[in-house]
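One chain, chain A, links the two complexes that follow: it is found with chain B in the first and with chain C in the second.
And now, the complex of A and B:
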């Protein structure tokens, strides 16, 4: 390596190092600490000196508990249904509102409002909306002569309720990402496609969406990660019930840590959640490869 | 025997007996407070009607003592997480912490809160006119004592770690207008209650009895309300789970009947929804905390002002009403422990108890409940006085592991029985292994 190259490499490290330190402190250190904690039996509120080394035992106990796999399955169902619906609705809304029609700016602002509301407030709002006695949802059903339902008192309906609230809150995120992606599509390409006779459907499915595939992939990954970490809204809406029908993995981790006071076990389950999210992220990124440059994509 | 020796002998007996002895004299109230004037006591409190009432009387404390009070008010269900994190630090920000009764044993076991005996024995701090024996006995036992043979009740080794402040028991509230119109009488026994549930719903057109039912703590609370009067227990004398006994099954059966004949959606109801259904006129009865007494007569919250009557919690094989609610304790890592004690002592004194009751809070002292002016203002307290005779301090086993048993085991099985996913028997039987595991881990049962 020439002196010049070595000097360049040093400069590169010099510029990258601060970001690496920040990443290590803010991201990697907590993850490593969580993994380490998984090897201990430690109750919250007691001194660390009282923590007992358990080795792999905590992981063995935790992963042989059927409740965890039930929670994971609930989480997978929740993420699959809610993220699919959010992607579909977000893309549809973005396509409908992408033009510069009169009043569109107002609607765009309106649509992203739910995303800005604190999750606890979202949970409380939907809890009142789904109230069997006084809720707006049952009142609206009543207009169509549909009998009132105990939304949060039935396992299937409660699961539907948490999905509806998630879709309401996070479809705007997909919308804003897609509309930003669409704004970056080269107008000349669209014009060329139109001259070639492409109609709306062909233009959308063969030109626009493929051109923003990397945006869609990133959006999908971010939504999946968020869906796997969802906690606050479910905490307020159902607290994981009825029974354990809406107990997603984050809720289970919360209960293990703060109710069962088993921080080691909660950390061990967090490692499982981390692994699942990393796997999904890797798969989604591989499918679209958005981080590679244009050369590699070709 | 000196008062200190009595207190050290452990248990409520000692504390109550000590209250009969004259305290060390010569300490004027003003001297007590002089040293702490200008200090600020930070309190952790929940959003709760009793603590709303407390905030109205706190200016009197500051005016009288010169000690300032800062409040950290958070939602009740998030309070424990924050308190534990705060109290586990070498020096915390809280000087006085409100706790739900279920947390007392865990906090004491983890050495997060301090016994109150050294403060009450300190002549520089203790008020000679405090009169501990005047505090409702059931409240004091269940809210304050940790230790003893059962770890949460009186007996040798029990120490006072907190004082009741926002404590409660259960009463039956019913709509007098509806009962009169359809010829019903307030149920006195569980047989009466069972008999009127369906016809009351049918004739009134609204839910018969409002109840909690949400998965976790809420549905377990609702079930325990019936388990105790029906003669059931969660554990036997050797800590073996016995909640799936016939009494446990009967209690869950009546809860299911209440859910089926009550306002729609009970298996999703928390305390707020349960209260709301009654005060908004969607249920003919309410069987839960005395908190309802203040709320039904508040026109801004209630559509049933003046239409509610009260009766004792119905009798099963015995009378046994709820014992629960809130208390106050001093964290071990508090910066201003002495000033915090002075505030605690002031808040739970005879005079302040009357003030907070007038402001809409829960009375904790018999002198308040016997005060003629208070009884004129709150005539419903007559039934409360009667109900307090039947407060069951062993209403639920408040061992350190109770939260986990309550929420992660019983709270799932009972909820599944309420929604019909499991049968009544299966709902209870299905969680016996999990509860047994928790008890083995806690060292109550042999592994």
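And now, the complex of A and C:
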């Protein structure tokens, strides 16, 4: 058995190796080189040989700058508000539209359109919608006799605007994931619950949603990761302003790297972003895996 | 407490398809009713209408004399066990069993007491903390039954509860179900296509075909006096032999070909000679050797299946070449590829109208039971 299994293992490696090399080059290498960049002082366009080893200095400087913590806080607020709104709306829509009523297929298709639009285009679209003079948002408010607002010029309103556009674009993602999850729920289990006396609310909160907890967890993680890395829409919509009111971490990284020309510092902040995202992912996956523990305990 | 179930002209249509066609049925309180029929005949649909999971297209349903035709499932005082068990995957066994009670705000210790009691009856006390996916099929089956028992409903509904179990476990659970029914005395409506389950568990069997009730009766009644060809072919194992034949005399039927005659136990009333009929003979009604005076058939044996207590002979009738099965006493495996004589026991002979399929032998002899 041993010779056979050893040659099997070798064959397995042979088949897996190409994929692993691609994984390494595509995923791990950029991460490692970004971290390495944090230990050097290098500006773009200059030869790498001229880069100076600075050790932890960059990290010390960057992390003692209050701007980074302010931007981290902005990111957290942005992610918390938009992702929870997206989860709530996505789940609610999915629950409302999961049946097989006539015309639902049309609505379902309609709802997922925003997700397919390129983020830059989403940003541009919303910039026009929020435009103080010609924007549709102010025009609609005018119908209800609400005074026009300078959406992207006011710190609070600009923050609201980027959240609204994010919700608009990413609720459909949550919606699709939840719809798919619900479609996989055994109808007999729901019927058993109805016989047991569960009405809509209890059926939903105590049977349906717990049964797709793993889908919800994955969706949440994916949305959080994305929300923490959001850049394009904000770039187009507010460029982090007014002031630094919408300056999320990735915007800050962008400015540090390409406006401040401090690539080392930008890399150091990227490492922070990476760490935060990884921590969140780990937490979310750990918290919401109620289905697995029974199995493990066996 | 147990309650009777009455179906009054209940029907179900999906679009233009009539799946259940106006069936009426009364289950007395405490009675064990088994619905049998071929796949797709509407058994599950009927059960689901009783449960309130499927609205009726017509007719009324009464449970305990109360009209529940439009009542919600939880208002019907029923519990249902599904073929795939339908356990809540995210809840422990105890959570599954106590879910219904927790919804009615039953005190925690009361829930624990009743769950513990049901678990004890079913022998699953050790499993209460497990999740369903950590259980074997048989254990899941017990949990599903436990979930039904805990609610103390008036009526139990089962939809092929044993069909996902292996043969041995199925036989064991069948016995346990019978004991459980005797212990709890609850009205039970049980769907299956396994006729052993039907014959052993039922007080009365309801045979369905294409949405219509073909016969309702005790296991002995449907076996000994099948009302029509469908019931005759469906109940009994191996299946009843059916031959094309004609009436030769009030008490004799003639097979085509060399004119083999089969005598009946009693003369038929009002049937003209020469009428085409279907002759039905149970495999158990055929035995080896020319019976003195009784009718006999000549059979060419193809395969002899030795089953321990009996041997099932498969072959053809010498006269007509029609397939025939005989179930004879055991230890006769040497019969393969031989030609033999079989004597016919008139008690196991049935005559059906070739057009309507109805059994022409009048159910006069009540003592036959």
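What we mean here is this: the second predicted complex is superposed on the first by the 271 of 298 C-alpha atoms of A that agree within 3 Å, B and C clash if a C-alpha of one lies under 4 Å from a C-alpha of the other, contacts with A are read in each partner's own complex, and residues count from 1 in each chain.
Please note the rule applied: a contact is a pair of C-beta atoms (placed from the backbone, for glycine too) under 8 Å apart; a residue touches a chain by one contact, two chains touch by 3 or more.
In this text the structure is predicted, and so the values were computed from the model without any measurement.
By the touch criterion stated above, A:133 is placed in contact with chain B alone, chain C being left untouched. Counting the residues of chain A that each partner touches, chain B and chain C differ, and the larger count belongs to B.
Residue contacts after overlaying the shared chain place A:197 against chain C, while chain B stays out of touching range.
Of the two partner chains, chain B is the only one that A:45 touches; chain C does not reach it. In the superposition on chain A, contact of A:189 is made with chain C only, not with chain B. On chain A, the surface touched by chain B in one complex and the surface touched by chain C in the other have no residue in common. Interface residues of chain C, counted against chain A in their complex, comprise 51-53, 72-74, 78-80, 82, 84, 86-90, 92, 99-100, 103-104, 129-134, 147, 151. The touching residues of chain A, when paired with chain C in their complex, are 186, 188-189, 191-198, 202, 206-207, 210-211, 213, 290-291, 293-295, 297-298. Those residues of chain A that touch chain B in the shared complex are 43-47, 131-134, 148-155, 158, 238-244, 255, 258-261.
Chain B meets chain A in the complex at residues 80-81, 84-85, 87-88, 106-107, 110, 112, 213-216, 219, 263-269, 273, 276-277, 280, 282, 403-404, 407-408, 411-412, 415-416, 418-419, 421.
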